[in-house]
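Structure below; questions to follow.
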Amino acid sequence: MSDNRIPVAVLGATGNVGQRFIQLLENHPWFRVAELVASERSAGKKFSEATVWRLGNDMPESVRDLVVQDYSADLQSALAFSGLPSEVAGEIETRLAANGLAVVSNTATHRIEPDVPLIIPEVNPEHLAAIKTQQENRGWKGFITTNSNCSVMHLVLTLKPLQDAFGLNKVMVTTLQAVSGAGYPGVPSLDMIDNVVPYIGSEEEKMETEAMKMLGGYDGGFQTADFVLSAHCNRVPVRDGHTECVSLELGAQPSPAEVIEAFEAFRALPQELELPSAPKRPVVVRYEDNRPQPQLDRDTERGMASVVGRVRPCPVLGLKYVLLGHNTIRGAAGAGILNAELLKAKGYLNA
Amino acid sequence: MSDNRIPVAVLGATGNVGQRFIQLLENHPWFRVAELVASERSAGKKFSEATVWRLGNDMPESVRDLVVQDYSADLQSALAFSGLPSEVAGEIETRLAANGLAVVSNTATHRIEPDVPLIIPEVNPEHLAAIKTQQENRGWKGFITTNSNCSVMHLVLTLKPLQDAFGLNKVMVTTLQAVSGAGYPGVPSLDMIDNVVPYIGSEEEKMETEAMKMLGGYDGGFQTADFVLSAHCNRVPVRDGHTECVSLELGAQPSPAEVIEAFEAFRALPQELELPSAPKRPVVVRYEDNRPQPQLDRDTERGMASVVGRVRPCPVLGLKYVLLGHNTIRGAAGAGILNAELLKAKGYLNA
Amino acid sequence: MSDNRIPVAVLGATGNVGQRFIQLLENHPWFRVAELVASERSAGKKFSEATVWRLGNDMPESVRDLVVQDYSADLQSALAFSGLPSEVAGEIETRLAANGLAVVSNTATHRIEPDVPLIIPEVNPEHLAAIKTQQENRGWKGFITTNSNCSVMHLVLTLKPLQDAFGLNKVMVTTLQAVSGAGYPGVPSLDMIDNVVPYIGSEEEKMETEAMKMLGGYDGGFQTADFVLSAHCNRVPVRDGHTECVSLELGAQPSPAEVIEAFEAFRALPQELELPSAPKRPVVVRYEDNRPQPQLDRDTERGMASVVGRVRPCPVLGLKYVLLGHNTIRGAAGAGILNAELLKAKGYLNA
Amino acid sequence: MSDNRIPVAVLGATGNVGQRFIQLLENHPWFRVAELVASERSAGKKFSEATVWRLGNDMPESVRDLVVQDYSADLQSALAFSGLPSEVAGEIETRLAANGLAVVSNTATHRIEPDVPLIIPEVNPEHLAAIKTQQENRGWKGFITTNSNCSVMHLVLTLKPLQDAFGLNKVMVTTLQAVSGAGYPGVPSLDMIDNVVPYIGSEEEKMETEAMKMLGGYDGGFQTADFVLSAHCNRVPVRDGHTECVSLELGAQPSPAEVIEAFEAFRALPQELELPSAPKRPVVVRYEDNRPQPQLDRDTERGMASVVGRVRPCPVLGLKYVLLGHNTIRGAAGAGILNAELLKAKGYLNA
């Protein structure tokens, strides 16, 4: 591969999300991993020595010998993907963005700030306009963009075509979330053998807040969408793939067939721009009674699609369906990479 | 034990629910298992030879040597507990009831018939009045009563005090159901390792129909309750214990504290009559963030209570909570036994 | 793909092994699936209508519209891959082989017959000589070859280089086997949630018998290898990937380092012939303390390698190690395909 | 309960083993929990406030209001049960024993010391004689006794009657161990969903060393038993209950029936003394093909027995069987309590 690809840094490289960034960037046509950043414990070691690789097979050859840098490092890359733990993300991402980097973050820290875009390229690419405001407000040469929490990501991706076609009034969602969302070591096995845990700290609040930001408009500032959302979040014994049971009150009262048609027809900017990581179909519909299932459907469109099924009337709110999405690909690292591709396509990366 | 206890038959004795009946009736103060009925494959054998016991430890000594009778047997007992498969339950239960037995059935077949009581003793004991109508309509000497589906049982038990105190308009429930509800062999392990299945055949319909019947009144006939219910049913990798995420619109708008107070205060006829299998508290409230959990809470009150937690406001419907209940004890065999205790206490068993 | 590939039939096409055959043959350079055979229940339907596809994503486009034939069909293909249930395999495979087909079978039925080769291409390709005897004995135009049971396959693949280098006296193996080995529905989830089952019917016997046949020589008839083997077989809650704990008494007394060297150096006929499905390394060595693991290592070499680790002294027998292999790829369908590739490379397929 | 029971302390009270001590001592006829010790994080709080109770239902009322003491506390009790983490156990247990307490420890720290008894009451009660030596050597008023690692406990309990009846030459064991053995949070769920881990740090070494000590004699010092043992240790997705596949070379060559007879006949000092926690049968034999299983058998004799099954010839070593034992009851806290009961019965507690 003759390599004039853009060199990028991965922050939090040894963690679960960091490893996914590295895995998904292997053989990426536009980006190549050039720098790795992790905590002091790993800094100064080769990546292959600092890291227990947990994604199956072996870590990509191209990163094995990269020497891990610590959090205070001055980076050469103009673009950084961040899977930093939230305790440290705020300060590090801020410093790098101030110094001129484009920071594409998967961390919750900056998501809700009033001049930081929280982006799903199929949903609210116009929010990128806030980058300019952010730079002006903060006197930064670089900037931060963020992607959402893994559970709200897939929900919003399926809500977008319905909001556009029918309007959105009320959303009720119950999640059955995979353990990989909590990182490693994450959820203890004693909580996940013959058990479910009906609680994930701050998750319900994040779903409610982030959905409102992403599905709201932008007119020089982010507008909050005007529907209400209620979430019940559960942890279940599944490795990857969040399942979500959704009931909706829409503005119009479409039939299930019309809703399915809206899902099937949904295409947006990433598909139009043919971004490398964009799924051909952002929302994929399954027609079997008992689908989607994590085991069978989480890798649909290389983990970049939301898969819906069981679209049917809801006696209480009007419409219901089930959705399933890969939480560490489209729900985390893949989301960041798609955001970075959008940034490049739109001219925000002048590396 | 000087034994003037009432001899009873267990129908479908070798199955999962049948085994639970036998386990829960061991040392029962009022009833003793005297007859066992199963399919031809088991008939004529000693129970210990016909049955693979799946409930831990060994089968009770008292039933080991009972010879299993086939479906056509004439029974000596005046009371039969039925865990028959639905394919055969209709005909067998009908024949036995016609011949004079009180049939206490866990099977779905007769639940919705207009003269068959579908009973939770804490909820609708007044529905027992339909027994007389049933006997008149059908010219039967005996009768059939039924208990509900395992997932709606616990929901209705928690809805009852709220309906009484505040009125009930709308109920949205998403279940995370244990595999024991599907019997043995039941759900294949390939569907339950690193997976959930967002569908259980007919379950959503049963929840909607049965809740309406049980929470409706009786005025010579069953009235349908006038609220709407919507269910999403999921199978998850848990052995015993259904978890349910509930959102409600009540008639009044109580605070979470008032709702908790209604749960805590709830006592009903079985508690008043001190029926042997009645839980002291039909609804038990947990106050921790991450409870109830199947592993920790399913055996509360010997599996006869519904355990609720996370009572909080719902942005869409007003109130939400999580409930957990043992699906093969209070949700099946234990429910039948409590129903039989109520029948005896109310004079319907004249054995 | 300009298609002068050899058309092949898959017998038992709707089952777990049949689906794996179809999945692995998609885009195969030498073979193309042209005919599908299954039981009467499926016969006459399009494959896409007859089959619930259980391997993730969707079934290959190329087979969706093939009409399933029943067990009595006369096939056009000259080669058939069989994943038939053992109850019917004997008769059907016999009829097809008599009629001229090369039947490559994954079923146990014919494995131990004295003129039927039980082949691992890296281990005993010389056993193919028995095909001629088989045809003479039986007056057949075609023939049957078989691959071994999934648990003994990987054991034998790792024993072969040790037998060659050091001689083999005693083998003790304890397996932790995945549920996919039992097909679908297979093992009930009630046996696999918070449980292991220390028994798999006939499995220990198969391991002992099949290993002796494959590691024995051929001198006009199969010789039984002259070592002893003892197996403990367990079912554990894993989808794919059998783990096996092995202790050995070898003829010589190599150090762990010498054993590892023998594993690392192992190459055989499929590697030499560059058969399309052959792993580059039939035995892959992991050096971490806690590997191999099913989750991380089962897809090594596209599921066609055995992965070993923890090579160390055994106080009782001299040497011990852990091995891990994909049970439905190298342990079943992939084994059959590699066998067919060997048959073609050696001129046994004259289609 | 008129309470002249002996007051005892539980060290490491908030951990998994500590909670089991408390649960099993609830309603104990000889001991009552009077003092609780844990790390600084918990010290000074009521136990109910310091502890997340993880054993189902609620913590015993009797300990809810006890104030947790820190590691440096001077205790009033004359007997302490220790479930301390190994990092701190050495120093704390030493200090308390020096000061006069009988310390009954589940921690590995002191197990192998040449004057510290490592006791299973059915196996080597004569090792208690070392207490006197220990006190003399160290100038202590109190003393330390220990129980073994959870996986070797059940193995040794089943080896003892065979050693006595037939002599013991070689033992090969492969374990499938439950996650509760690693405490909480312990094993990450990402390692235990669709996976096994073929490694537990130091476990194989502990099994080999501790078995030799317990099955060796005592003649003023501990003798090492003269057989060899080889262990493969695996972690599997089971909550409680270690399964172990055992192959043996005995001195004599008994038939499986004779071995079963030795298991069935095994009774020892705890049964003779009728110690309160002693199982009636230390080794329980199951005769079904597919037993013992964790789910069905771990609670046999209230978790205090080892359950064996599948006793059959081993082609390599002569005899093989499967065993199953509860790892946190007989394998940890229950073992300590039985040891303390033996100490009392033998006059070592003069509280």
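All chains are identified by letter, namely A, B, C and D, in their written order; residue positions are counted from 1 within each chain.
Going forward, a contact is a pair of C-beta atoms (placed from the backbone, for glycine too) under 8 Å apart; a residue touches a chain by one contact, two chains touch by 3 or more.
From a predicted model like this one, the values you see are computed outputs, not experimental measurements.
Note: the chain lying farthest from chain B is C, by mean C-alpha position. Two copies of one sequence, chain A and chain B, touch each other mainly through matching residues, since over half of the numbers at the interface are common to both. Counting C-beta pairs in contact across C-D and across A-C shows that the higher total falls to C-D. Mean C-alpha position of chain A lies 47 Å from that of chain D. The distance from the centre of chain C to the centre of chain D, with each centre set as the mean of the Cα atoms, comes to 43 Å.
Inter-chain centre distance (chain A to chain C, centres taken as mean C-alpha positions): 40 Å.
Within chain C, contacts with two or more other chains are made by residues 54, 191, 193-194, 237-239, 295-296. Every residue of chain A that touches chain C in the complex is listed here, in rising order: 54, 56-57, 193-194, 239, 295-297, 299-300. By the touch rule above, chain C contacts chain D in their complex via residues 170-172, 174, 176, 191, 194-199, 201, 208, 228-230, 232, 234, 236-239, 243, 245, 247, 289-296, 309-310, 314-317, 320, 322, 324. Across the complex, chain C meets chain B through its residues 54, 179-180, 184-194, 237-239.
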